[in-house]
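One chain, chain A, appears in both complexes that follow, with chain B as partner in the first and chain C in the second.
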Partner chain A sequence: MIDIQEKLKEIGPYVEAADDDVLVCRCEEVTKGEIRQAVHAGMFTMEEIRRYLRSGMGLCQGQTCGKLVKGIVARELKVSPLEIEPATSRAPMRPTEMRIMAQDGGGANE
Partner chain B sequence: MIKRYDLIVVGAGPAGLSAAIEAAKNGLKPIVFDENAKPGGQLFKQIHKFFGSKEHKAKIRGFNIGDELLREASENGVEVVLNATVIGLYDGKEVTVKIGEEILHYKGDSVLIATGASENMVTFKGWTTPGVIGAGAAQTMMNLHHIKPGNKVLMLGSGNVGLVVSYQLMQAGCEVVALVDAAPRIGGYGVHAAKIARCGVPFYLSHTIVEVTGAEAVNGVTIAKLDENFKFIEGTEKTFEVDTVCVAVGLSPMSQLLKQAGCEMKDTPGGFVPVCDDSGATSIPGIYAAGDVAGIEEASSAMIEGRMSGARIANYLGYLDEDALQARLAELEQALSSLRKGMFAPENRGKLVTKTEEGIDTSMSLLEKGYVADDEIEKYPGVTKGSGVHPVIECTQNIPCNPCQDACPKGCISIGSNITSLPVVKGDVACIGCGMCVASCSGQAIFLVEDDIGDGYGTVTLPYEFLPLPEVGQKGIALGRDGKEVCKAEVINVRSSTAFDHTHLLTMKVSTDMVMKARFFKAE
Partner chain C sequence: MSKMTADVIIIGGGVNGCATAYYLAKQGITDVIVLEANKSVGHGGSSRNGGGVRQSGRDMRELPYAMYAVNNMWPTLSEELGVDVEYYQRGNLRLGKTDAHIAKLEGMASKSRELGLNMNVVDAKTVKEICPYLSDEVIGASWCPTDGHANPMLTTLAYYKRALEMGVRFFTDAKVKKLEKVKGKLRKVILESGEVFEGETIIVAAGYESRYIARTVGVDVPLFKYFEEALVTEMQPHMFDIMLGTADADFYGHQAQHGSFVFGSDSGLEDGIDMDIDELKTSSLTVSAGCRAIMGYIPLLANAKIVRTWGGWIDMCHDGVPVISKVDEVPGMILACGFTGHGFGTAPAVGLMLSQMVMGKETVVDISALSYDRFKSVR
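Moving on to the complex of A and B:
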């Protein structure tokens, strides 16, 4: 378990970067700067970042930005991307209209 | 009524279909769901000839392999449901599938996930500008929908996808202005690089995109050289006027369903993949994974992995006894391991291989510029001299591929039992100039050369896959391996044949001293 306070001390304060305004999650319009700031606010896992910023929660469900977000978080934390805890996978795997979800009769549709 | 199947396959690509076919042949009743309107996964976008040997369907074009798979699936009673999106995988191997306006529930005695992979992206200034597209998107537009993605394209990424798609873009009539990669060396097969280099496409290794410009759509791209720390070197910027930037920077497995189901997963540099054995069995009994979702490779290995999973599942459900399973797996394992040999084998990933298996120096020019230098080419065993017409095989890297060996009716080309060996031309067999070897080479690396046809001229016969086809008598320029002009040339023969499978054999007349340099014909 990472000690968040220790880690925050280790990585130092958030410093603005020239490319902070680059969009990373296009679906939810989340920028690189927002992700970096989220890390400095103590969000170290993909799940936390996703809940905090909604990155990867849009139409493509993180198919495009997932790896990019992970890379940014890892660089900010000065660790390998393999050490970043991935987000939970949940149904529906693809965007599904609520109208259709509501009709899922469960057992009746078996 | 619960809809229950012996095997539920998610994904009708090469892995999923192969698994369903193998299972069906053993008596199982499989159903395959695919979210797309057409089956075949990426196979129908692959218009190039595949590598490998006969058992891997080498020298057959990808979309034809797709047709073969579909035919085999239907002959074996595999049910394929299209426009069917599997959105969940639950306990008891229950899947939820969105079909039309409904969510249907199915249960499988076994489930195979063969969902493939999605394209990676990179961010740079302007990467969201319309006209920045994935290489897969470019292929979809060109090869499925017959839409030209743009007129002037810059390709980022020199792996096989970047190389193959660059060539296809040129075939579709686009101009590829440059191929750019942040890595110091070309990632894909040298033969794929060579066939675009000789058309004049420059390679910029250790370079990447600084910025894409254009308000409404891409109108330009600037690249710059990178230092060892992958930082831009100031003053090295180059700007190209383009309307399309194609990104081919790798693939990531679409493994979410496996994770949701609770399979043990591992994070690797190649993506988030299930922990599974050789035949795709995951940590949950009855749930399997095959193809790119279990680790990125390519279609040929995905098809074999699918067959292995299919056989394993047949055994799991009692349709195939252990001995028969082991025999089948051993056979498939051998086919798979031969594809994983050579310079591009998984264990060589990211490494610089400095010598071929034969002990010949690797062409650094090929790795850094996309072509073998004129003074290096004669080191390789397929490059021979002779009087009269003879093959010149510019195959310089150990890759698993051997169709040329069976192509020559006179048996003049030999690779031997090791599929990655460089082809050798036997000097004692007379070449009849039929061109079967030229057309059989998936890497378009075989040429027929005749040094002297009189009057100081010789001929070069090259594989040609562009339209319009030049005509006999047409004059133009011969380009060298580096895509630069070497001399004037005249087309003296164009041969097309069903046996060549859309690779045309263009013979051009060039001055005798240029027959070992001229490798492409450009009409004037």
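Moving on to the complex of A and C:
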């Protein structure tokens, strides 16, 4: 069980950092500062962060930035990155056109 | 740890639970605890839906508060919560390709008009004027200009964030095992991990799992679960802001503010899904069926790449509308479940009404028809 209010008190307020404008998620153009601020707004999981900021939700689906985001969230929460669960990966493995995806031999009744 | 008693305990950190917490805090009741079973707020259906803010096609028991939310709450929600929830009110087209489709849409539209909603069937030319990207096979559509869509993930998290700022206490990874009465009144919420919370009023808004929780105090709501899937495309040039559906119900969805399209669809084999409620696996059959359906109506999207698919459980109620009510046999309990896949668009109104029920006020619209004891034998 995680007491969000207590955890927010424990990690203290967001403090601006010199590298806050570094782009972490290149697909969706999310900066380190945005990720750090989201943690202080109560977004503690990779799932919440990506829903709030779209980090890891672009063309590469977080294959590039996933580990970086995890590291930033862990540092902000003052825990080991091992304690941060990775976000769920979803099909397809690579972006695939609708016209290709449509050819699975289904649609028998159409 | 902070204290484990509160005036109000909300079980379920979804959009309805978070909205209720926010509206309670807004009216001065900040001694509120929200318990979310998952590690993430909004893990369930609140983040796994098409984002429709829809009035058309609603049951007459729901339409009044769906309209209340559209008329009084959605237009100012982003400003109120301090997060852009990406609300677009540009209308909903439900497309038809055959005479049978049009007849079905005529039926829906006339029923909605009887209930006071502006909804009409329009011809192919008007459809093209509203949305020029559709297939020439479309011969008409129903049109509700006051429908729209919003971003469900942001909406849920915006309510959560604002409620947190106002002092509401949230606990995640806090799965409820059972409820317990004290001297005939509901009082205790006991977690799987053993912790005990106590509240004056306890709201159960936990999706399908509400059924398991309510049952521990002898209340069984007739729900069943249904798995729904969606696909997301890569960012596309801006095409339209309307919500789309079909008379055939083979897909629905919209282009998000970001540029990606989000479309829900099905394979027709959903009734046979046997998967644990903690599982959220998508099927390769559904995405392919969805692509065929979408390309049949929006041919231009044939080369759009799909970057993601997802799925989630819907808490289907036996008669298609939710249970939002106090329970005579369990004083102190309020049920809010069985939203049947269309609970997102009404969440602001439902959150407001739940807060009013807690405070003993009259709800903004009458929802007595959504009582838990409405289910009678049919034979």
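Rule of thumb we're sticking to: the second predicted complex is superposed on the first by the 97 of 110 C-alpha atoms of A that agree within 3 Å, B and C clash if a C-alpha of one lies under 4 Å from a C-alpha of the other, contacts with A are read in each partner's own complex, and residues count from 1 in each chain.
In the analysis below, contacts are C-beta pairs under 8 Å (C-beta built on N, C-alpha and C of every residue); 3 or more make two chains touch, one makes a residue touch a chain.
These numbers come from a predicted model, not from an experiment.
Trainee: Check whether A:Arg54 is in contact with chain B, with chain C, with both or with neither, and answer first, second, both or neither.
Mentor: Once the two structures are laid over each other on A, A:Arg54 reaches chain C alone.
Trainee: With the two complexes superposed on chain A, say which partner A:Glu6 touches: chain B (first), chain C (second), both, or neither.
Mentor: It touches chain C, and chain B stays clear.
Trainee: Once the structures are superposed on A, label A:Asp104 by its partner contacts, choosing first (chain B), second (chain C), both or neither.
Mentor: A:Asp104: touches chain B and chain C.
Trainee: With both complexes superposed on chain A, which partner does A:Arg75 reach: first (chain B), second (chain C), both or neither?
Mentor: Once the two structures are laid over each other on A, A:Arg75 reaches no partner at all.
Trainee: Between chain B (first) and chain C (second), which, if any, makes contact with A:Ala91: first, second, both or neither?
Mentor: both
Trainee: Now for A:Gly42: first (chain B), second (chain C), both, or neither, which partner does it touch?
Mentor: Touch status of A:Gly42: second partner only.
Trainee: Jot down the residues of chain A that show up as touching in both complexes, chain B in one and chain C in the other.
Mentor: 61, 88, 90-92, 96, 99, 101, 103-104, 106-107, 110
Trainee: Where on chain C is chain A touching in the complex?
Mentor: 1-2, 39-43, 47, 153-154, 157, 160-161, 164, 167, 169-174, 191, 193, 195, 233-235, 258, 267, 280, 282, 284-285, 287-289, 291-292, 294-295, 301-310
Trainee: Which bits of chain B are touching chain A when the two form their complex?
Mentor: Interface residues on chain B, with respect to chain A: 1-3, 35, 85-90, 96, 98, 101-107, 118, 120-125, 127-128, 252, 254, 256-257, 259-260, 265, 267-269, 271-272.
Trainee: Across the complex, what residues on chain A touch chain B?
Mentor: 19, 22-24, 26, 32, 61, 63-68, 81-82, 86, 88-94, 96, 99-101, 103-104, 106-107, 109-110
Trainee: Inside the complex, what are the residues of chain A that reach chain C?
Mentor: Contacts found on chain A: 1-6, 8, 41-45, 47-48, 51-52, 54, 57-59, 61, 85, 88, 90-92, 95-99, 101-104, 106-107, 110.
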